[in-house]
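Labels run A, B, C and D following the written order; every chain starts at residue 1.
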Amino acid sequence: MIDVTIPTALLRHYAQVRKWTETICRPLQKEDYVVQPVEDVSPPKWHLGHTTWFFETLVLKKFLPGYIEFDPMFNFVFNSYYESLGARVIRTDRGNLSRPTVDEIYKYRKYVDSAMEQLLAQPLPEEAETLITLGCNHEQQHQELLWYDIKYILGNNPLFPPYNESPAPETPRSAPMHFIDMEAGVYEIGFAGEGFCYDNELGRHKVYLEPYAIADRPVTNGEFLAFIDAGGYREFSYWHAEGWDWVKRNNIQSPMYWHFDEGRWMNYTLQGLVPVDPAEILSHISFYEAAAFAAWKGLRLPTEFEWEAASGKFPWGQRWEWTESAYLPYPGFERVAGAVGEYNGKFMVNQKVLRGASEFTPTGHSRATYRNFFHPHLRWQLTGIRLAKTLKPSL
Amino acid sequence: MIDVTIPTALLRHYAQVRKWTETICRPLQKEDYVVQPVEDVSPPKWHLGHTTWFFETLVLKKFLPGYIEFDPMFNFVFNSYYESLGARVIRTDRGNLSRPTVDEIYKYRKYVDSAMEQLLAQPLPEEAETLITLGCNHEQQHQELLWYDIKYILGNNPLFPPYNESPAPETPRSAPMHFIDMEAGVYEIGFAGEGFCYDNELGRHKVYLEPYAIADRPVTNGEFLAFIDAGGYREFSYWHAEGWDWVKRNNIQSPMYWHFDEGRWMNYTLQGLVPVDPAEILSHISFYEAAAFAAWKGLRLPTEFEWEAASGKFPWGQRWEWTESAYLPYPGFERVAGAVGEYNGKFMVNQKVLRGASEFTPTGHSRATYRNFFHPHLRWQLTGIRLAKTLKPSL
Amino acid sequence: MIDVTIPTALLRHYAQVRKWTETICRPLQKEDYVVQPVEDVSPPKWHLGHTTWFFETLVLKKFLPGYIEFDPMFNFVFNSYYESLGARVIRTDRGNLSRPTVDEIYKYRKYVDSAMEQLLAQPLPEEAETLITLGCNHEQQHQELLWYDIKYILGNNPLFPPYNESPAPETPRSAPMHFIDMEAGVYEIGFAGEGFCYDNELGRHKVYLEPYAIADRPVTNGEFLAFIDAGGYREFSYWHAEGWDWVKRNNIQSPMYWHFDEGRWMNYTLQGLVPVDPAEILSHISFYEAAAFAAWKGLRLPTEFEWEAASGKFPWGQRWEWTESAYLPYPGFERVAGAVGEYNGKFMVNQKVLRGASEFTPTGHSRATYRNFFHPHLRWQLTGIRLAKTLKPSL
Amino acid sequence: MIDVTIPTALLRHYAQVRKWTETICRPLQKEDYVVQPVEDVSPPKWHLGHTTWFFETLVLKKFLPGYIEFDPMFNFVFNSYYESLGARVIRTDRGNLSRPTVDEIYKYRKYVDSAMEQLLAQPLPEEAETLITLGCNHEQQHQELLWYDIKYILGNNPLFPPYNESPAPETPRSAPMHFIDMEAGVYEIGFAGEGFCYDNELGRHKVYLEPYAIADRPVTNGEFLAFIDAGGYREFSYWHAEGWDWVKRNNIQSPMYWHFDEGRWMNYTLQGLVPVDPAEILSHISFYEAAAFAAWKGLRLPTEFEWEAASGKFPWGQRWEWTESAYLPYPGFERVAGAVGEYNGKFMVNQKVLRGASEFTPTGHSRATYRNFFHPHLRWQLTGIRLAKTLKPSL
């Protein structure tokens, strides 16, 4: 027997999530929706279509009887990396596609939304609810990427157009950094309790942590400027081997979006190009830069376990904080079969875990157990640094 | 003393040329203006801006007193390969720029056009007239590229959108191919007479040609299909060394825009995807394919001199016809100094001359002495094949 | 006060290590010493020189009064990745250097060895002993690489020359695979006790392991053949994302050195090309292949902690066994300053830990705490697979 | 009936050519025979084997009854770009092959030479004589390449070993440069008369030349130093578009083998590193550099026709002189079928003709009609510059 309920709350949630995606895009010009300046950045119109395609393909086709696809070609255009659902558009090619147009994609969204409303007006099997919840979380993930990508598209245009004209939020003055001591012992790691989480947070398990200390706030622009001024980008001993290669090959001299212009550091923000604010929390740095900064300080980054174990003792959520941990499955992790499993379960060998959340993370989409992960050289995300150190180990 | 006249005819010509550029773009969606799927294809909005920038920078700033630039950043965005005019946007980056928007660029065109009308209402020094004439020819060249680029953008989209819905022009049935015999002797080559020509047509000079014969019409799709069916793409002995590498590296099996689908060859045209018409003149082939086809026939391509010497004896103008000639300066060629010289005078080592014109060539922009040139692997232009053979040489 | 002793045992050890390097090279032709077929393989003559350079630069110049360098240019030629010791020959360039010749390098070895004997005949400060011990271990590491590189050079030559003509060691018949159950709990990890170890084994610390089981022997060729026959190389769901890219980009269809020839799998060994022996332990597979094989079995690879905790319960030492663990520093790890620190302490982001040892590992150079590490796509080393599985976790 | 003679003179010629190849190699160490530092340089041992393979495959197998191949695998190892003779070793891989050894290759040479002597002791069909003559010319071409490659291998080694210790030949003092005026008119171009020539010299034909002048001697090091000192490598207007890209991408600042060291220009020669001699004829420059130098002088390079027409009026033969001409077939050129045709007849699109000969050209291997050709960026050959200019043209 299948468990069915009328999911009014889910409908409300669905509608809110879907609307927020479009709100993010409101200030864009049509041209901004189309371009893909580098491989990792997707055109905003692709995000609009791809998140919609998720509901059409994984929910409507299966659970809404008589549902007719908006356009069968869209499966080809808006599929992502899900190999089990068929041929996909090569990722680097997204920015080459002028069609479907932005207007057509908004029509597609409307069409799917109204079918979803129809579906959500009836009692639903639990599997459908689960998939819709997953679809909302999927769209929230893409909302954060949408922010990154919009910022990249505008911030790498020689005209430096602002995203909007409203004043930037005021930066809270940073207090001195303190370290929180954590005792050695066995800690429990991973998601527990009710509510949604991703597969990779499951497999709650124990870890033993040696004694350590962790900073009560992230590093600021001003603190990172001191690293630059001390020649941090020119001294190989602070860097991982690949990090040093990356610095030299790309001639890296500052965080992304910083430009040294007429004697001072400028920073591209959503409000346009402004002077770097030393009190603001640092952002847009790679794992390599985070680790090199820590090495210069004689400190290190926390592991993801250290971060989670201490996360109740400091405020977090403004930046995704690089950890020293490689992204590996938790003990007992088992991949769900099929497309959903593929969505959740694809482990990459060369990725680092980031913990926390950012100013771009949608409300209600952050958890202390959330495991974000990126390649170590990427910096178009809202990344930051939290420092840690080992206390006298027990052996 | 400077020669001045009121250039009414030039104003009319200017207005026609400028209007035609916009007419070509009329069926486009805004999104189509933005993308750059491969390096050689420029976004249509770039062509609109770049041709306008030419008049602003080389004419208005110099000859219209009190002229104020529309936007000083546009010099940076719309400059092409003219190194002497300052830093340029890296060519591969054009497709990354969502701003300036299409609307802003049309405003830019209007702004410059109205300044040009003002300028052309007065007596003008001869140098200005020369530059305006050059600017019109420059824009006509870009009109042809605009066609190529629009076709590429639409024809490489998985939705294969047609450029317009109007029926394709009817294909004239091809008569059997005949060869025209040409006698040995000294011929004169290069531009003579009044009117506009490019620098590279000047340096009229004599060449001695051994006896040869040249086809009275270009090769058709049907004739090229026979080459495909005979395994022409798989037999290396027909190909230049680089051509064979190119075939293998890119897995080339047909002209560009041809797709073998459900047992038959389809062809993307401005009217969408249609079956290949065997009677139609072949197009979108590289120099390598042209030369391999000729080798398979036991024939060869003409040199540019053979083509020009015989050009009064056959109809031409539907395709740019690859010649065997490398693009080299004529004897006595001298480069004009400055930006205009750079525009005219940049010789590339590895380019082949094409002669003729195409269906996309604007009216009044073709001459028997016109020397077009492209890298031998390119095929997004409207290229074709005219066959030739050597008759018993004189020595 | 400096601690000094006459290091007779160390001299004997030094002499043995140095001699073994030359013994490995004895069957080579001079030409075999010179080539570098791929970036990761170094020319044997480079290993001969580089290991010698270590003693000259880090020991003799510092501790043997009046020592005169053999050739100052050799510092430039035989330096490895130690950036703090000055400019280095780009690694990919090693195979381009015909000089110094093999004879000159053997002279260099003799010259340094006789200086070392002189040094080792006297009482030595402890720091010198430590460096000499490190130098011997360094040379032993290069001995193992020498085997890999020799095998690669001969095994990628179309003539498939055998390294020697002596019969291959007999393969022990593999018993059925059993799994050893391990209980949950806190385990101690890292080097303890006397004797030499590398920096990266220090920082002995506690880890908590959930209950797991680990195989009592590595996977055989026969077991891996079943994976091939089941289409394992063609089913993306078994693979990490980068692994699948690697398979497709390189068209991988079998372990390295396997060739499918006239209906059967052949294997290049030091005795030449022979049929694959199903009973032999599998070798020359990448981390990606190891992980995909495990996924196909519904199992996984062990972590390096699981491996070390259980290492007393099974025989090991025939293959370097890939673990699931990324190569990260242990808690409390601190890099020694200077060249030695650089030698020990360079962490790479994208490397996987391998545990165990191989048939090529010199006697006395293996420990249960030894942490070997390589990029996940490499397979010219003597790698193998040990399977593991999670038992019911405790939470 | 087949024309047969006893080819005593041919045997003598064969023996001399074969011996000279080995004489060139005499000062080499075994290691020098093996390496391939860049794609265009072949290992000397490959030249030794490949030239031998030519006689074995194209002559002995066909004309010496009962001839047994030395080793059937050698066909695979020593084949060059001749696709019609079967699979070939990828060219970049030559430097990876340590086997066959140098000794084995000298045995191979001896084996083939003694079979050739046996063959040449009897009356031979004309086709065999033709092929043997071609094989000797082929080996002479490779002798010149052997010099280039040896110089490259030694000259790019950080030890800069001299090829031999004998003193460099004395440089004749250069007289002032004069220009020889040539009249307009029809000239005959291409090989005429008895004796050997390559296919590409045939098709003797008429060309019309406008009046021009050509220098009576090549450019010297001192004259080129003036170009460097005048900033010639930093001013893009002198350069072809690809040439300028090449300069910037490779950071070119001088001819190959020149090193600016402690305030003066040094030059690697076969006698080792010596100061640049301003009176010596310039060498090791690319077509791009030759053309840029000429542009800086307000002059140009001659065409290959201008060079040949005037070649009786000036001494030549010390450098291969770049011409402005692309390498195209002469009118009426027809490729011979089969492997020999492939050897002669492969036209590359992007190559420039060089005329003359060099100090490395074997005696008896130069002709005024000889057409050498290389890609425009290459400079490991013995290239030079002869200047030309257009006189007032006739039209």
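For this structure, a couple of remarks:
Just so we're on the same page, a contact is a pair of C-beta atoms (placed from the backbone, for glycine too) under 8 Å apart; a residue touches a chain by one contact, two chains touch by 3 or more.
The shown structure was predicted, so the numbers you read here are calculated from the model rather than taken from an experiment.
Path length between subunit B and subunit C in the touching-chain graph (shortest route): 2. Relative to subunit B, the chain whose mean Cα position lies farthest away is C.
Mean C-alpha position of subunit C lies 45 Å from that of subunit D.
A straight line joining the Cα centres of subunit A and subunit D is 58 Å long. Between subunit B and subunit D the centroid-to-centroid distance comes to 37 Å (mean Cα coordinates, whole Å). Residue numbers of subunit D whose C-beta contacts span two or more other chains: none are found. Viewed as a network of touching protein chains, the structure reduces to one closed ring of chains, two contacts apiece.
Listed by label, the pairs of touching chains are A-B, A-C, B-D, C-D.
Here subunit B touches subunit A in the complex through residues 29-37, 45, 73, 76-77, 89, 93, 95-102, 153-154, 156-159, 161, going by the rule given at the top. Remark: subunit A residues 81, 83-84, 184, 186, 188, 190, 192, 203-208, 210, 212, 236-237, 240-243, 287-288, 324-326, 328-329, 331-332, 342, 346-350, 352, 376, 390, 393-395 touch subunit C in the complex.
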